[in-house]
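Would you mind keeping the following structure in view while I ask a few things?
Residue numbering begins at 1 within each chain, and the chains themselves are lettered A, B, C and D in the order written.
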Amino acid sequence: MMNGDEYRESLRRLKRDVYAFGARIDDVVDHPLTRPHVNAAAMTYDLAHDPRYQDLTTATSHLTGRRINRFTHIHQSPDDLVRKVKMMRLLGRETGSCFQRCVGFDGLNALYNVTYLIDQKYETAYHSRLRSFLAYVQDTDVMVDGAMTDPKGNRALAPSKQADPDLYVRIVERREDGIVVRGAKVHQTGGINSHEVLVMPTTALGEEDSDYAVSFAAPADTPGLTFIFGRQTNDERKLGGEMDQGNPRFGFVGGEAMIVFDDAFVPWERVFMCGEHEFARPLVEMFASFHRQNYGGCKVGVADVLIGAAALIARYNGVADASHIRDKLVEMTHLAETLHNCSLACSSEGQMTPSGSFYVDPLLANTTKLNTTRFTYEIGRLAHDIAGGLIGTLPSEKDLRHPVVGPYMQKYLRGAAEFPTEDRLRVLRLIENLTGVSALVECMHGAGSPQAQRIAIYRQANLAEKMELAKRLAGIADDVGGPASSSTAASAKRDA
Amino acid sequence: MMNGDEYRESLRRLKRDVYAFGARIDDVVDHPLTRPHVNAAAMTYDLAHDPRYQDLTTATSHLTGRRINRFTHIHQSPDDLVRKVKMMRLLGRETGSCFQRCVGFDGLNALYNVTYLIDQKYETAYHSRLRSFLAYVQDTDVMVDGAMTDPKGNRALAPSKQADPDLYVRIVERREDGIVVRGAKVHQTGGINSHEVLVMPTTALGEEDSDYAVSFAAPADTPGLTFIFGRQTNDERKLGGEMDQGNPRFGFVGGEAMIVFDDAFVPWERVFMCGEHEFARPLVEMFASFHRQNYGGCKVGVADVLIGAAALIARYNGVADASHIRDKLVEMTHLAETLHNCSLACSSEGQMTPSGSFYVDPLLANTTKLNTTRFTYEIGRLAHDIAGGLIGTLPSEKDLRHPVVGPYMQKYLRGAAEFPTEDRLRVLRLIENLTGVSALVECMHGAGSPQAQRIAIYRQANLAEKMELAKRLAGIADDVGGPASSSTAASAKRDA
Amino acid sequence: MMNGDEYRESLRRLKRDVYAFGARIDDVVDHPLTRPHVNAAAMTYDLAHDPRYQDLTTATSHLTGRRINRFTHIHQSPDDLVRKVKMMRLLGRETGSCFQRCVGFDGLNALYNVTYLIDQKYETAYHSRLRSFLAYVQDTDVMVDGAMTDPKGNRALAPSKQADPDLYVRIVERREDGIVVRGAKVHQTGGINSHEVLVMPTTALGEEDSDYAVSFAAPADTPGLTFIFGRQTNDERKLGGEMDQGNPRFGFVGGEAMIVFDDAFVPWERVFMCGEHEFARPLVEMFASFHRQNYGGCKVGVADVLIGAAALIARYNGVADASHIRDKLVEMTHLAETLHNCSLACSSEGQMTPSGSFYVDPLLANTTKLNTTRFTYEIGRLAHDIAGGLIGTLPSEKDLRHPVVGPYMQKYLRGAAEFPTEDRLRVLRLIENLTGVSALVECMHGAGSPQAQRIAIYRQANLAEKMELAKRLAGIADDVGGPASSSTAASAKRDA
Amino acid sequence: MMNGDEYRESLRRLKRDVYAFGARIDDVVDHPLTRPHVNAAAMTYDLAHDPRYQDLTTATSHLTGRRINRFTHIHQSPDDLVRKVKMMRLLGRETGSCFQRCVGFDGLNALYNVTYLIDQKYETAYHSRLRSFLAYVQDTDVMVDGAMTDPKGNRALAPSKQADPDLYVRIVERREDGIVVRGAKVHQTGGINSHEVLVMPTTALGEEDSDYAVSFAAPADTPGLTFIFGRQTNDERKLGGEMDQGNPRFGFVGGEAMIVFDDAFVPWERVFMCGEHEFARPLVEMFASFHRQNYGGCKVGVADVLIGAAALIARYNGVADASHIRDKLVEMTHLAETLHNCSLACSSEGQMTPSGSFYVDPLLANTTKLNTTRFTYEIGRLAHDIAGGLIGTLPSEKDLRHPVVGPYMQKYLRGAAEFPTEDRLRVLRLIENLTGVSALVECMHGAGSPQAQRIAIYRQANLAEKMELAKRLAGIADDVGGPASSSTAASAKRDA
């Protein structure tokens, strides 16, 4: 297993075309725009060596029996699923940010299951290829970007019906030695600091969309790949001083990038799905469920930081004991722990799949994520309430360091006298940046938008069975109106 | 283990002073006001004999190794805690009501732990007495009412400061052979159909309140006990026809009663706490946590029935496929499963206690109940939305059976033509009664009011640790303002 | 103008076929099931004679210049609309209930406008007929039931497509002297204690549904009319003592009834629409808007009572000064006043119509009602929170009067010692009944279900204009994609 | 009346010490950090000359009878109050931002009332001084910064009890010709582009705090004043290209600044309160109520832009007709119009004060603002939901213009093919920046934090009267427990 510095070193060796702010970035490890995200990901390596946490951060490979970083593990029990959640909360607490590595982790687990199913049906060799790739990942401890979201163009049209056929990643050529792919993946968390890109389709696909039913792993330095780093809230603050960043070491989100595949070649041994369109949907669903499981882990860890920051500013403001402040801290805690409950329960209720690995309860995993799209915002709103208006009007660190206005800030922005002004300002900056748009949107749309969760919940709500319960208690004999929800699946699909 | 009919028979033999509607009830098994509650409790006996469910509804006694009804079990693992939750959801689904037996179950488990702690400190014999009582309960399978809530008079005053000292149950005499107690317990779920009443104090107590620090078990036919059955929403409908009751077999709530102890005598072997005031608080907290664990079990089972009823009326109304209807059913499901997550997680995260039994995670258990005080209302509101105005204006069953107006109702209150009018009316009545005040209030105040949960959450939020996380990330050196939350415990107490 | 007693007397003279609980009711004034609703309506007569309130409760007829009860008035200014709202809040506060008379009031105003429009198009005489009827109503001060809601059968089918063509009121015969109608109206607030029934269609209608496009006024004693009184929460308590009713004098809801028209004859001078199907929609919309205006009046008055009851029980419990109690009372007040704001604003923003009368702002009126379907539930939930569990478990008044258990209740159910036990129990019963299903459902579905308001808001949201604002600020030139929301109206309709 | 360019010109002539990002700003009109805020304020000047809007944007001075900019007007009727709200919504729609000028407007109106009251009590001359200052403001049309919020240090301590006595603005010297003041005001909206600073105390004051009971107007170029411009979300984007700013012309918030008064001299004719501590509270309350009135005006105008932007991105994404999208747009509209209702109603219910001017209904004004602290966040959350993840991950404008990666962005970030990619990206940037922390916090804490509104609502809830309503209906005779809420005012104060 690598440690954080070895991880950084390995990234320095990896030459790719990464762009940001209209310029090429040579070294993502040291560039101020990307460094915090590398640091956050590095924490997944460092904590695997921390004896306090190794029960969470490492696992035993079912392939080799060796100790591996948990982020490369295939879940072998509900307990593994629970440990994943706890590891993610731990990392959220340590970084206050997104450490990115769950995406590839979830992609590997989803593909482990689905390649098995495809092989069962078609006698293909995807599962053994995937196992080989997995063994490589476990041995080298490389970071894998799970790449699912296509740009999608007009959301009302299927991939092959788009005006531009490249708006979903597709196979443009099938060769003897492999395939050539074109398209792009957006919102790629950890995209610029992963060693491998693990591509999966982003939606259920029909037969006419078979060329879009493609999954593969490509090294990040594969010719034809270009990485365009996304903007974040207040990202330019990374280019100046430290204090205004709020969380200067780890930043706030995953460092999302757009990855372009401009006729990139992938050899067959790295191809895990190639045209089996009917498996796109289960793959998307499994990946989504695994990924939705996470939000009551990592985001609760980040919420712990935000709750702590809110408690701290209340203290610095002298109001820690006001009943309405305490009540808001209770509410923040309540919401955070409710999210955590969801992640824990969808994990402890996990079940074995045909491949022998373990899968979360998908209904419960979807409630996890749907709650996140609400509670995170409410937690942020309460933090704003407690923090006061200064998070919106505080002058810059440069002003604080300025000989004329700095002393005014020191004097007038002091809270309770026993605390230094700068401590107060630092925690305000932390709160400000923990609740910015990038951070919120990651909770809203990461692992799929709320409507995707609603459709999944509808499919799994088992309304027919519940109607029978109601009928029995109300004294209603078997009715004559036919099956209870004949057209619901169609309806759900129509609205997706 | 008794079955339902044996349970009913045992109740018929138990002679007590039960009053309702200003008259004495001779036989709670057959009296229309109490019968549904007996039926619901009887289900806890019947399902213990149903081979489909015995992994949930029975357990192996750690005292005797015998198969016992789970409601008499002391939890021996997190898995036991999880099974408890699933058993409760099952029973909620089967009855659509409160089956009452969890209160004594939780009382036994809480006392099992706290008597152990008292004995550790004082070398008393409470724990072995409790074990003897437990063995009796497991062997005879009697139903135990866990009696905690005192009338409380002026909530701003401690027990001994009340104008009337009897407003909390207290020891009025200590005799050689036992104690004499006076007072009352209110909101006693299953009170009129339990064999035993297991009394516990209702609040933390100071030294001056030592006479209120009393716990004991009394057979329901102990001289000096009087039971006054409480009113419920629409309770008079039980005295007439069947349809308007909605859930005629099982009713809607626990059949709560007020139990008066008018100088009742309790022999020492049934006394489990007698003056050790400092253990009142841990007992209340443990009982409360075990009891709060339940609400994402039983109430989710009931919610399953309500969701089914809502889906059914949508179907009968011809709107099952309207997008806004589906969306509301999704929301109801989402809220119900979120509650279930909370119960599951506080259970699977349970820990062993000094007594060797297992205890839920108290922070998570409190979030379970606090969410219930919100989500149950919202689920009910959505059911009203879907059901339509008829749940508020539907004429009576007597009108439906009337030769003049009955045919009008049959003709005009039909929904989609393929379903009988009466089926539609029955499900409307089910929804109406599932969302009445009694049912809602049970979710609001059962296991303690929301403020009790908030105080518990505050105590367990560990804000000091969270502040440290925030400081580290914001780059704040150790501050100079002293301990982070010196006065928080005092504040929390002040507001209780 | 009649006073309350004259109103009661007039009802005694009015012989109709009213049924409840499977029996005929001879006199709705004195029958315990209906008396409270008569009392509430009578208050609209009494307050018109109370000099403190006459600026609100009376108006000057624009037809005759005479002083009339405001409930018979056609709005002549925004100020009239505002006074209507304030009158309704006053009556809600005085009765704690529904006083029913707004429905006919709103029906008259809606028809006043729409008959004018029909006449403009078809040179019919509906408007002058309506004015004659109005003059009669103003002179005699009779109570008019505005009858809109049809049973609707299968909601997915238009009136003429139902298996039973009578599921919407329709013209079955056009005769020289008038029309014969068949069908029923449900949820008729004040139906059994109104002198006149003013029928309107309940939905937009196409040409094939022309026979359903019918509006008329029928005296309540018209042959062929049958009234079936609906059940309410706890309605049987009206048949026993007084205390358990909570609000014994006025009850809780409008006393809704189903009215059957079994081939009833209506002379032409009482017919206000007869086949002009395209005017069904504006009539429904205008009536609905006028009716939705009310909910931040009457329901806020009722909320004032509930807030007062919650403050009172807090006082009786000794916790009036607990910070969380105060906070909940603030929240209840905040929600109630927000509703009131909505009603006031949709009124003060009212506009003159072609007929010369004044119409509320329909967008704002819809927000009023939509908020009511949420806030009323939340206000009730908070009242439950403050009240404590006793509203769900309190024994009956008969027990309180019983020689054996009465004294126990007196002793043990006392709150803070300075208040009598019975006062405490009375306010608990008031809270219980103010928050029952009937009361809540009236707020949910009265004046149309939430989805009806959402569709109305969508239609009036003017998204095209708002998109232009966004484009201008974002620097987007005129786009090329055609009209902004071409298909939205169709979509809205599809989902209704 | 000035127009926008004249306003800009006047600012160029005004020399002050303004700092931002650690450097002096010479010209706030042209500096990219401040220009958008100047533009937004300039719109209040320009629209006063726009004949379409002059009924809203201008008024007739009650001092001179001349046509004046409404922002300098003293309200002469409820209609004036309503027009203020509509003017603010108009300006919010036109700018999508904060136009800042309401603060001084509200300060003038509050002081107009309170100076009158002080003079009544003490026979001082504050009111006539204020009228003179008002006449000057109306004649010259200068922009006035209403400066209330002090830094406040330890919130648990009164001004004179702070470790540093300057944490609230105070009189440090009373001279023959005027006073010398020291301290600072924070969160000063429009602070760097106003001509005058109108200072008011920020909290109720006791006698020991008399030196803090000071109100005065100072020209912005008064010696001793220093302005430190606050940071905003993404403020550095103003220094680069245009697109990423989202609303490049007007920005997003008020351009808040901290203003330091380092022993500034104010002549007596500009002093409006000097030691009359008991009037600090009514001044704060009046100012706060006037200011809280606004939030259902300006913020609804901004919400209109955000709703339009959300509708637009839905269209660009091809999902404008998805039912869940329409539902979210309805919800956003519903929430925005509810806020508007609140502002309209607190205005139309305004009352004349002793000074002859008009004052909003303070209870209703407080509900306006309290709703804003919730609804604005929810509207933003829904906008994020509709917009999709790209608002969190979109690469920079510089990338879009880059020869290598620009074409990739053009190709892959296109939505529905009929719209240009850049239009889509522009509206995403608009949504991103409309929902940033600065914009949200302005809605949370502008015009006082939520707790301030709750305390105000509690004071005005009239619970005693409401308890009487409840008692009457429940049949409770006059009770014996003394005044209903003896200690509530004290409690409310304690918690402020």
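Annotations for the structure displayed:
Here is the rule we go by: a contact is a pair of C-beta atoms (placed from the backbone, for glycine too) under 8 Å apart; a residue touches a chain by one contact, two chains touch by 3 or more.
Being a predicted model, the structure only gives us computed values, none of them experimental.
Looking at the partners of chain A and chain C together, the chains they share are B, D.
When chain B is fitted to chain C on its Cα atoms, the angle of the rotation, on a 0 to 180 scale and to the nearest 5, is 180 degrees.
If you compare B-D with C-D, the chain pair joined by more contacting C-beta pairs is C-D.
One simple way to say how far apart two chains are is to compare their mean CA positions; for chain A and chain D this gives 37 Å. Between chain B and chain D, the centres computed from C-alpha atoms are 49 Å apart.
The distance from the centre of chain C to the centre of chain D, with each centre set as the mean of the Cα atoms, comes to 39 Å. Shared contact sites, meaning residues of chain B that touch two or more other chains, fall at 323-324, 327, 416, 454, 495.
Chain B makes touch with chain C in their complex at residues 17, 19-23, 149, 151, 153-157, 162-164, 166-167, 183-184, 186-187, 226, 228-234, 236-237, 244, 253, 256-258, 260, 262, 317-319, 322-324, 373-374, 377-378, 380-381, 384-385, 388-396, 398-399, 401-402, 404-405, 408-409, 411-417, 432, 435-438, 440-442, 444-446, 449-451, 454, 495.
Touching chain C in their complex are the following residues of chain D: 82, 93-96, 242-243, 246-250, 304-309, 311-312, 315, 320-321, 323, 326-327, 329-330, 333-334, 337-338, 340-342, 344-346, 348-349, 363-364, 367-368, 370-371, 416, 418-420, 423, 426-427, 429-430, 454, 457-458, 461, 463, 465-471, 473-477, 479-482, 484-485, 487-488, 491-492, 495.
Remark: chain B residues 323-324, 327 touch chain D in the complex.
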